[in-house]
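Okay, so subunit A shows up in both of these, paired with subunit B first and subunit C after.
Right, the complex of A and B next:
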C-alpha cells in the first residue's frame, strides 16, 4: 500500500512536468499558426482597402447638343453614340483654363476615368431633356487618383507613397479638393460590375455570380452522387476484392492533382460532348469530380459512426435494410455528411487550375445569367487581376481575396447552421 | 466461493457446496455432454429448434441444439459468458443474417413453418418475433415516434387515431405511460436507462409480435427498474411466448417457467425452472447455479 503511494508520488512531479511541457508545445504551435493567419489576413485586408473606395470628381459639363454631336431632338441611338469624351474634356479645360500644352492636357484628361463617359451617357439617357443645359455632376475618377487620395490626406505632400501622378496632376487634384470637388465613398461599382481593363471600373460581381453557379452545379452533381456512393459502399456492398479496389481508388482520387481533372474536363466535356466552353456547367462538373472523393470519404466515416445498436433496433422491429438506412442511419449521419460536403465545396471554391483548363479564365464583363453563359470564378479573377500591371489591381486582387474569404465564411456559417439544426433535433 | 451461500438462501434446496471445479474437469465434462438432460420438447410449441448449429466463419458457436419455446411461457436461457446464449436467441428472428460471417444450420420453425427458408421474409419474421436488446437503444426520435415506428413501417394503423391508440396502449402495457404522457414529443434518448428499456419494450410490443426475445434486458438497470420489467414480462406472458437471456439466476427463477442452461455452445440441461434450481441433474448446471463458475 504505502509503497505504491511512494512510487506514485515520486513519479507525480515528472508526470505533471510532462503535461505542462506538452501544453506549452500546443500553445506555441497554435500561436505560430494563428500569427501566420493573422499576418495574412491583416496584410490582405490592408492592401484591399483602396479597392473598396471610389473617388469621384465634380465637374460642370456643358451638354450642348452640338458639342455632343447630336441633333436638337436626338433618338436613343444618337444619344448612345454621342461624343461624351469631348464634353468631359471640355469641362476639365474649363475647370483649369491655364492648361494649354498638349501633354499637360492629356495629363489633365487622365484624371477622370473613361467610365465617366458611360456615367454621363446614362445620365442623359435617363432624362434627355438635360441636353442643351449645363449640369454639375459627379464623375468617376481615375484609379491612380483614387489610390492616392485614399492613401494620403494631403496630395501635395505624399512622402514616398508610390504613384504615377505627376506633381502637376497632384496640384490639380489639390485644387479640386480645396473646392470640395473630390469625394470618396464606398465603391458600389466593385460589387455591381463585371471585369474591366480599367481598375476603377472593374467589379467582382461577374466572378462572384460565376462562382455561385459553379458551386451550385458542383453541389447538385457531387452531393447526391457521393452520398449514394457512400451509402452503397458502407451499407449494401459486399466486402470483397472489388469493393476493396473501389475503396482504394476513391482514396487515390482524393489525391489526384486538380489540374488533371481540368484536362479530363477539357477532353471529355468540351472536346467530346461539345459542351460550351467557359461555362459554369462544365466547371461545376469538373470540380464535382474533385469533391466527390472528399464527400464520399467523410460520408462513409459519418455512416460508420452511427452506433450499430440503432440498426439492430430497427432491424429487430422488421425494418428493411433501406428503411434502416433512410429512417435511422442517414439522419444521424447527416451532420457529418454536411461537414464533409462543405469541406469539399470550400476546396472547390478555391480551385483555379481545372477552371483554367476549361476556359473559365476568359475576360468576362457580363454577369453570367445561367450555367451555360461564359463565366469566370473568384479564384480565377484573383489570378487574372494579380497579373494586371496597373497598381490599382493590386488592391483589387486583395479585395477579391477578401470577397472569396467572405464567401467561404458565409458558406461555413450556413453549414454550421444546418448542422446545428440536424443535431438539435436530438 | 462465498457467493454460493447467498444463492443457497435465495434458492432453497441447492445442492451442498462442493470443491471448486477445475477447467480441465469442465472440458472433460463438456466432452461428455451427450445430448441434453431433461425434456427439450413441449406440446404444441410456438417455436421448435432442431439440430441447430451456428458458425462464425469457421468457429462453431452453437452445437446441435434442440429446444422448444412454448406458448404463453417464459423460457430463460442462462449460462456463462460467451456460451452462445445471445447467438442462439438471435437465430430465432434471424438477426444473425445481419452478420455476414454467421451461418446457421438445422431447422427452426415458427408455428410449424421453417423460418430459414428463402421464402420466409426476414422482415415479416421480425414483425412476428420481436426483440429487446441488452443495452437500451431508442431511436433518435421522439418517444411517440419510437413506439410508432414499427406500426408505421408495417402499416398497422389505418389512421392517426389508431396509431395514437397503439402507441398509448403499448406505453401503458410497458408501464411507462404515466411517466411520459406529458412529453411524448421529447426525444427517446432523454429518458433514464430504465425508462429507455421500457420504451424499447413498448416499441417491440407495439408491433404486436407473437414471440418476444429479450437479451439481458435488465443488465443495465437498477433493482427497481428491474422489478418493473420483471412484472411486465410476467404480464406479457399471457399473450406472448417469451425467451429471455439473463445472467441473474434470481431473475430466471422469478420470471421463467422453464430454464435452459447453455455451456460453451451446448445446451446442457432444460427443465422446469423450479426443478433446475432445486434439483439440477447435470454437474455443470449444478456448478453454475451454485456459483462455482460463470
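Right, the complex of A and C next:
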C-alpha cells in the first residue's frame, strides 16, 4: 500500500464520524424547531377549545304584553324597544322563587347573558303572535357559566378550577342541570357575529370579512402593478445605471418595517386624499405597498426561469417582443408569479402595525359590506381580545389565532395547488 | 386576461370612492382605559337602535385629542374618550382648527389597583411607601433635604412594618395611560408628603416633577407591557411580586389576585366610588357639537351613554368595572350633556 492510501485510511474513521455527527446536528436542529412549532400549535389549539362551545339555558318566559311594556297590538318599533331583560329576570325569579335578597338576585340574573334579551327580541320579531303566551326557549348563558360547565362535569365539586361563580350560583346551575335545562353545543355565534364586549356574543366574522376585503384590495392593486413592473424590468428595460438603482431600491423596499407604510398611508391617503379612516380600501392600498416588492422579486425570478429557447423559438417564427412575452413567457411564468403573490398576500394577512396608523385597530360589531365600511382584520382582533379583561376572551384569542392560521393554510394550499397544476418542467 | 384584470381593478376602486362623502356611523377615538366601557355602550346602541354601531379606535387619550381637534368634517372623529380632562393647549388647538363647540361629559371613575397573588399575604401600603419603593431618587434616609439614588431593596427597608420581601413590582410601560395615572396619583401623592419636596413644587417645578414622576430603572420595577392580563398571569406565577393594573382586571380576576390596602382602603367598588381609595382617576368623553345633525345618531348615543341603565349605579357599565359618579354629580352631568352645553376653559 502506498503512503497516500494509508493516510486516507487512517483519517477515514474520523471523517465518517464527522459526517454522522453533522447529520445528528441536523436532525436535532429540525426536531427542536418542530417541537417549538408543535408546542405552539398544541397550546393554542388546546386553549381555544372552550371558545368553540356555547352553553344555553332553558327558561320559561312569560311574554305578557304588559310585562313587555308594549300595547295589545304593538308595531315593530315598540317590539324592538320592549323590556326583554325584565321578562328574562322574571323568568329566572320564577325558576328560583327562594331568591329574595338584592345581591343574590343580581347573582342569579348574571347567569344569563345580556345577549339573551336580543335573542328574545329576534324571537318575537319573527312571530309577534307569541306575545301574550308563555314560551319555553333556550337562551345564551353567561361566559362564566359556559367556561365552568365545559371545564368540569360536576359544578358542585370543582376542585381548584378557577371561576368567579359563587357557591350559590353553582348550586343554581346544578339544579338547572338536573332538570336538563342546560345544554352545551357548538358555538355558531363565533362564526356569525362581529366583535362584542361580551365573550359569549363575540364572533370572528367581522374581522374575517374585513381581512378578506383588505386582501381583495391588496391583490387588485399590487398584482397588476407588480407584474407589469417585473415584466418591464426583466424583458424590456435596458441594463444601465438607472435600472440598477431601481433594482436595489426594490430589494430595499422589501426590508422596510411595515409600520413605515402605515405612516405613509396616514400622511398620503388619509390626510392628503381624505379617504375614510378604518376602511379596508386604505388598509388594502397600504398593505399592497408592502406586498409589491415581494411580488416583483418573485415574478422576476419566475420570468427568468422560463428558458431562452422559448423566446428564441417564438421570435424565430416572427413574433414581436410583446407577443413573445404575453403569448409565451408570461403564461409559462404564471404559476411562479401566483405563488409569489399568494405568499406576499399571506404576509399582508398577518400584518397589524400599518393598520394601527390608519384606524383599523377598532371595535367593529357590524359586518363590513364594502371596502369603504369601517372594518378590522384578523390579527387586530387577536390583539384586541388578548387585551380584554374578561377571562373567556383568552379562549377567544386562541380561537381567533386558529382561524387566522386556517386562513393562511388555505392560502398556502392554493399556492401549492397552482404550482402543482400548472408548473412545467423543462 | 391582463387587460381585463387591470380595468376590473380600476372600476372597483372607482366604485369604492363614490360613497366617500357621507358617513353614517359615529366615529369614536381615544383612551384605551375608556375603550372597554365605550365599546359596551356602542354595542348596545347598535343593537337597540336603527343606527349603525359606532366604530371605536383605541388611540390613547393624547392621540385621540389630536385626531379630534384636527378639524371638522366626516374624516375627523365625532367623539374622543379620555382618561384625563382636556388640556388647555388641546382645547386651544381645537379652537384654532374650527372645533369651537365641544360638549364635555365626565362619565365615572377608574381605580388603579396595586395587587398581589391570593396565595400570599395582603399588603398594607401608603402612597409614601409606594413612592419610596419605586422612585428613582428618594430623600436621603439619613435625613436632611437631599436626595439619593433609591437604596431600598425590600419592603421592610421602606417601612419597618412591611414584610421582609424584595421589592418587585410589575407595571405598565411609559406609553400607557395607566402608568401616567399611577405616577401622578400614587407616586406624586407620596412624594408630596416630604415638606422640602412640596416646597420645591413652587420654586422649581421641573425638578419637582422629575423627582416625583421618575420610576427607578434598577430592576425593582418591571415593565410588563401594556397587556394587563399578562401582569395578572405573572403575579399568579410569582406570589412575591406586586402588580399595577386597572380595576376592571382586578374585578375579573378576583379569584387569583387581591388588592393591597392603600391608606386604609382596598381597591373595591365602594371605596373608589366614595373617593376614599386614593389611586383613582376620572374618565371623560368629548363630543363635537358641530357634528350633531351631520352624522346621524350622536344625540341618541349620548342619551344611551347617560341613561341610568348604562352609567347608573346598577348600570351595565358598573358591571364592567367602571365606578359610577355620585347621584348628584350624575344628574348635573346628565343635564349638561343633554343640554349640549359647550365647554369653555
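By definition in this document, the second predicted complex is superposed on the first by the 401 of 426 C-alpha atoms of A that agree within 3 Å, B and C clash if a C-alpha of one lies under 4 Å from a C-alpha of the other, contacts with A are read in each partner's own complex, and residues count from 1 in each chain.
By definition in this document, contacts are C-beta pairs under 8 Å (C-beta built on N, C-alpha and C of every residue); 3 or more make two chains touch, one makes a residue touch a chain.
Since the model is a prediction, treat every value here as computed from it, not as a measurement.
*Asks:* Return fit or clash for subunit B versus subunit C, each positioned on subunit A through the superposition.
*Replies:* Pair status: fit.
*Asks:* Quick one: is A:159 in contact with subunit B, with subunit C, with both, or with neither? Answer first, second, both or neither.
*Replies:* In the superposition, A:159 contacts neither subunit B nor subunit C.
*Asks:* With subunit A's C-alpha centre as vertex, what's the angle to subunit B and subunit C, nearest 10 degrees?
*Replies:* It is 130 degrees after superposition, to the nearest 10.
*Asks:* Classify the contacts of A:313 with the two partner chains as first (subunit B alone), second (subunit C alone), both, or neither.
*Replies:* After superposing on A, A:313 lies in contact with subunit B but is clear of subunit C.
*Asks:* Once the shared chain is lined up, is A:196 touching subunit B (first), subunit C (second), both, or neither of them?
*Replies:* second
*Asks:* Let me test your reading of the model: by the given contact rule, A:97 touches which partner, first (subunit B), second (subunit C), both or neither?
*Replies:* neither
*Asks:* Tell me the contact category for A:332 with respect to subunit B and subunit C: first, second, both or neither.
*Replies:* Touch status of A:332: first partner only.
*Asks:* Of the two partners subunit B and subunit C, which one touches more residues belonging to subunit A?
*Replies:* Higher number of touched subunit A residues: C.
*Asks:* State the minimum pairwise Cα distance, in Å, between subunit B and subunit C in the overlaid complexes.
*Replies:* Result, nearest C-alpha distance in the overlay: 18 Å.
*Asks:* Give me the intersection of subunit A's contacts with subunit B and its contacts with subunit C, in residue numbers.
*Replies:* Looking at subunit A, the two contact sets are disjoint.
*Asks:* What residues on subunit A touch subunit C, complex-wise?
*Replies:* 80-81, 106, 110, 114, 118, 162-164, 194, 196-197, 220-221, 223-224, 227, 270, 274-278, 281, 326, 330, 359, 361-366, 370-372, 374, 384, 386-391, 394
*Asks:* For subunit A, which residues are in contact with subunit B within the complex?
*Replies:* Listed in rising order, the residues of subunit A that touch subunit B are 238-239, 307, 309-320, 323, 327-328, 331-332, 425-426.
*Asks:* Quick one: which bits of subunit C touch subunit A in the complex? Just the residue numbers, please.
*Replies:* Subunit C reaches subunit A through residues 2, 5-6, 8-9, 12-13, 16-17, 19-20, 23, 25, 27, 29, 32, 35-36, 39-40, 42-43, 46-48, 52-53, 55-58, 74-75, 226-229, 246, 248-249, 251-256, 314, 316, 319-321.
*Asks:* Within the complex, which stretch of subunit B touches subunit A?
*Replies:* Against subunit A, subunit B makes touches at 93, 95, 98, 100, 123-127, 130-131, 133, 135, 137-141, 149-150, 153-154, 187, 189, 200, 203-204, 207.
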